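Below is the structure I would like to discuss, written out as structure tokens.
Chain nomenclature is as follows: A, B and C, assigned in order of appearance, with residue numbering initiated at 1 for each chain independently.
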Amino acid sequence: MPDGSFAHPQERQFNPYSENGGTILAIAGADFTVVAGDTRQSEGYSIQTRYAPKVFKLTDRAVLAVNGFAADGNMFVKKVKQRLEWYRHAHAKDMPLRAIARLIQTMLYAQRFFPYYVYNILGGIEEDGSGAVYSFDPVGSYEREACRAAGAAQALVQPFLDNQIYFKNQQPPAGSSHPVHLPLPDVLSIVIDSFTGATERHIEVGDGLEIFVILAKGRSTQGFDGRSGVQELSTTPEGDRVFVIRRELKKD
Amino acid sequence: MDHFPTNWGRPRNDAHDAFNTYPLHQRPAPHTDTFAEGVQRTQQPIVTGTSVLAIKYKDGIMMTADTLASYGSLARFKSIQRLHAVGESTVIGASGDMSDFQYLQGLLDGLVTDEFTAGDGDALGPAEVHEYLARVLYARRSKMNPLWNSLLVGGVKDGESFLAYVDLLGTTYTASTLATGYGAYIALPLLRQAVEGREATLGADEARRILTESMRVLFYRDARSLNKFQIATVTAAGVDISEPIVLDTAWGFAEGIRGYGGQTQ
Amino acid sequence: MTSIGTGYDLSASTYSPDGRIFQVEYANKAVENSGTAIGLRVKDGIVLAVEKIIHSKLLVPEANRRIQNLDKHLGMATSGFQADGRSLANRGRDEATSYRDYYRQPSPVKEVVNRLSMYVQAYTLYSSVRPFGVSAIIGGVDKTGPRLFIVEPSGVAYGYHGAAVGKGRQLAKTEIEKLKLSELSTREAVAEAARIIYLVHDDAKEKEFELEMSWIGDETNGLHVPVPEGLLAEAERKAKEALETFE
């Protein structure tokens, strides 16, 4: 080149990854689970779109949130859904939540040396009817937890959840103990506060919020029937129900 | 059965060719890549196109790109088309490497032809074309051998307008206003302000005016751009790609800008 | 066919003493027993028409098409074994696609016809295979204008102004010869083709048939497509009318 840019050989490598911002979180209750994510997709300082879903319904009692490199995330969700469909064709039922969790670990680890650059959080209802959250790292390490935040604002949200869900650094009132599970209205408030907080303090979080609520069979909708923007996605014959609540977040 | 006529009537073991009839065309042979030990893969784009802009409007989508293909900072080809119709209801616009784009055009044209010869009345819509491109680009980035493009895909099918982005990493997204390259920094804020919330009422004339003015701004600010561009329109009636439009632009004012013009102090 | 039973008709790889390949001739028989297919090469395009015999009322109308696309600008009508016709069309599509991949432009009609005829010919050389039981009328428009060919089971291919294969080919050919092909438009040719198919159809022997027609030319923007419903119905109406005044 005339400007001499090729004068000295340069080490240059195509970088197959990118980072698309956003944050996800999930909280398990006794008989429900909430999985949420914002809908902004960004690269660097540019907002690519204000609506790119990061939370996906997998079965009538399982929801998956993916965060990190969007192209990997979308491809990963597509492949998980494909495997779940094959499972349905083979066994005439949906894959149980803990089996989906193990499947995801296997699929992530299969790419150990060219990983999906994605943090996954799986939420839903276990076969025993309890709410459950599984969180994963990009190469498949996973554990079941009561709550987890991941993504751009993980460092902002996780300590808040530790305090509000696990009651870290809180003393219970004398003569009583902290509750093991929080009721749904409290959880929803914590989720919304988490995201408004993250939106305020992190430039990659905002635009829209999608909160998926998975209710175990027999559980009433008490806790959010008054809320606006609620849409029911599915009901099983046994009575498990999946809802999504859509809210606006600040767009600046 | 061996379906290659050229293999018929031969000895079973043709490792040695007893009848000395080799080679004939179309014999399947074990594939050996001469360069397998030292494969060269795309590390950077060579001949490049700059921004592509697109918006949704009342009747469908509108997309624009200038007609320049640059070779580094050299304005090498000044009349190439970066907008390409795919079938009857889709248009794609490309920035990035032009040879990779031409390769993609070949793939898509083959796809459209196959769809036509099937003769079943189905046709590819913009969503299918976008999904296909996303798969191709993601597969190539996963082989560490990317097709170096940022593409916009737009169209109208079954009364639905569609507008989406896909790039060399396989990253995808949709929005009612999209831009690639410098357009994402310079034109996109203008487009969002002019279009967002008005997609259903925006008329064709105003949509064209918005894009034209954005192209003017890009021409003045993006050193790899040209004041000659085309506008593609996709509506329920089909795809139309305009003849090149030349903007009346002037650099006379630059003389008076300190640090740009002739003045030394 | 005095040589039948002499053993020379069992393999395509053996000539009879008088220099014939019976397997190829039998393949031609398969074509002669099949519904007629015709092709007209006119001023500004090509029209293909097929008399598709309906052997059961339970069949879905318009199923099992005997006119197929090889490329945007190439059509093929076959007479003979339907399955062989489908297989041949598949090969034709591959050849047309391969030409496009190599040269980045639509293939000349003659090129695809040549390649297909070589392919068909290969099936006349070996004892392990059976020749194609179809004659294919291949029509299209390329840089040189409208072109029309027949590929026969022997692998031979000729270019034509008007083509007819299958059961009613003799009568069809005499009718086509009466036409002023170089002066007809495709639109007029559609009517003529329909009339000829209706004419050659033998009511006494065969029950139902379906008229299948396609065209390519200026009217279709250079695309090989089925004749539009309205025009087809109109052509059929006229054909039936002409049939009554005939004789």
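Quick note on the criterion: a residue touches a chain if its C-beta (ideal position, glycine included) is under 8 Å from a C-beta of that chain, and two chains touch if they have at least 3 such contacts.
Small disclaimer: the values here were computed from a predicted structure and weren't measured.
K.L.:
Looking at every pair of chains, which two share the most C-beta contact pairs?
P.N.:
Summing C-beta contacts for every pairing gives the maximum at A-B.
K.L.:
Which chain, with its centre taken as the mean C-alpha position, is closest to the global C-alpha centre?
P.N.:
B
K.L.:
Could you find the chain whose CA centre sits the greatest distance from that of chain B?
P.N.:
Relative to chain B, the chain whose C-alpha centre sits farthest away is C.
K.L.:
Using Cα averages as centroids, what's the distance between chain B and chain C in whole Å?
P.N.:
About 40 Å, centre to centre.
K.L.:
Nearest whole angstrom, what separates the Cα centre of chain A from the Cα centre of chain B?
P.N.:
33
K.L.:
Taking the mean of the C-alpha atoms as each chain's centre, how many Å separate chain A from chain C?
P.N.:
Distance between chain centres, rounded to whole Å: 60 Å.
K.L.:
Could you pull out which chain B residues touch chain C in their complex?
P.N.:
5-6, 8-9, 106, 109-110, 113-114, 116-119
K.L.:
So in the complex, the part of chain B that touches chain A is made up of which residues?
P.N.:
41-44, 72-73, 134, 138, 141-142, 144, 146, 165, 169-175, 184-185, 188
K.L.:
Under the stated contact criterion, what part of chain A meets chain B in this complex?
P.N.:
Listed in rising order, the residues are 1-3, 12-14, 16-18, 20, 41, 43, 46, 48-52, 69-71, 74-75, 114.
K.L.:
Taking the complex as given, what residues does chain C use to touch chain B?
P.N.:
Interface residues on chain C, with respect to chain B: 13, 65, 68-72, 93, 96-97, 100-101, 104, 119, 122-123, 125-126, 128-129, 223, 226.
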